[in-house]
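Next come two complexes built around chain A: one with chain B, the other with chain C.
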Partner chain A sequence: MSTLIVIDQAPYGFWTGREALDMAFSLAAFDQPAAMLFTGAGVNWLRKGQRPDGVGQKSAEKNLSAAPLFGIEALIADEHACQQYGLTESTMLPGVELVSNIRDVLGDHKHVVFAG
Partner chain B sequence: MPNSLTFTLVITGAPWTSQAPQTALTFATAALSAGHSIDRVFLYGDGVHLASSLSTPPSDEAHWPQQWSVFLKKHDIPATACIASALRRGLIDKTEQARYELPAENLLAPFEIAGLGEWVEGSQAADRTIYFHGN
Partner chain C sequence: MTSNSTLHILNKAPEHPRYQACINALAPSDTLVLIENGVLSAAGNQLHAPCTLYALKADIDARALEAACENLNTIDYDELVQLTATHPKIISW
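Right, the complex of A and B next:
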């Protein structure tokens, strides 16, 4: 059973993305295969150099950097959305897999969970 | 595919903010009527507000926490609110009240508070996991 957690909103504005991240970490903690897909404004989660102190939040970037360590199998980003938001390899966290057709990614997973 | 399916329902939208709890209840009722079963209900994010025993809508409005409570008891369906979501939003059972030395508890029976492991288990146990989001 593989689960894909999809985040399509920018970090910090809503709590749903953070709670979706907790879901991914929780699956990994229970040894269940989990991957995350970032699309739309959600690709901004992957941006390097986030400084959320100013809005009184913990760093989403720091959480995500730890994802491979915790056993999350893949961080996948929608290539088109990355271009739209000016994210390149040099401004993005390392190890992110870029895909051009997210429909294929959705089809590859038995369970797909959109951040509420 | 079997004719009869088992569902786990995840509710992330709060009552009186979103339609999620009502839609989920209608779905659950229809699923049981059609001969399917509900493995469990998991409240996550803002959905935990559905388990508050303190919600007090005007008397001429539907009381979604009570309706859910009656439904869950009648059909003996376990329902859990995620502990991290619940504590952040002030939904507290007796155990957490004692642990954090809080002045009150407000968890509506038969809801219980537990970790995301309940969701992981529920997703594995069910044929389908359906999400009811608030937006």
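Right, the complex of A and C next:
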């Protein structure tokens, strides 16, 4: 049973998402199984082609693309939220698993932590 | 713009309660500028504004929303400052 880190807020506007990412990567680095779920405006973390130079921040997309290297078990996205924000397979990072009901995902994990 | 035109600066994603509060407050003579997470409303055709509308280019680029925002008028930081100087009233949502 692994820990699920949930991000439900958009990237760049808040620091809580990055803190959650750090938490997930730290867990994985210490061999604690961890997965991440993106829902609500949080699915915008997964969009390809982010160029945040103009707002003086590092790319959330690049951060997130390191997830497999750290050993994050799965990146999961709420399909409904992806539709709401116009995200399709072709505009999304590769390797993201879409789910239609996040209740199932929440039930699959012993520990669930929401960012912020 | 008319003398009673308000500049609305919206930095909240559509899920935030203040997003809809801002949209509800718009008058046809007003100007709405989407900045930060406000630009996310252009993704998935969620945006319906009854007034002049601009979006900040740097925030669109950061979030990879160029395609979703191609029909929006985009501005840079200098133009945002111009808008704040030419409107008699500003609401930062």
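Everything that follows uses one rule, which is that the second predicted complex is superposed on the first by the 115 of 116 C-alpha atoms of A that agree within 3 Å, B and C clash if a C-alpha of one lies under 4 Å from a C-alpha of the other, contacts with A are read in each partner's own complex, and residues count from 1 in each chain.
The rule is short, and it goes like this: a residue touches a chain if its C-beta (ideal position, glycine included) is under 8 Å from a C-beta of that chain, and two chains touch if they have at least 3 such contacts.
Keep in mind it's a predicted model, so treat the numbers as computed, not measured.
Once the two complexes are overlaid through chain A, chain B and chain C fit side by side, free of any clash as defined at the top of the document. In the superposed model, A:Thr3 lies in contact with chain B only, and not with chain C. More residues of chain A lie in contact with C than with the other chain of the pair chain B and chain C. In the superposed model, A:Val113 makes contact with chain B only, not with chain C. By the touch criterion defined above, A:Phe30 lies against chain B but remains apart from chain C after alignment on the C-alpha atoms of chain A. In the superposition on chain A, contact of A:Thr16 is made with chain B only, not with chain C. The superposed arrangement places chain B and chain C with a least CA-CA distance of 12 Å. For chain B in complex with chain A, the touching residues are 12-13, 44-47, 84-85, 115-117, 119-120, 123-124, 129, 131, 133-135. Interface of chain C with chain A (complex): residues 11, 13-15, 36-37, 40, 43-46, 57-59, 61-68. Within the complex formed with chain C, the chain A residues making contact are 9-13, 40-41, 44, 47-55, 57, 61, 83-87, 91.
Considering their complex, residues 1, 3, 15-16, 19, 22-23, 26-27, 30, 32, 111, 113-114, 116 of chain A touch chain B.
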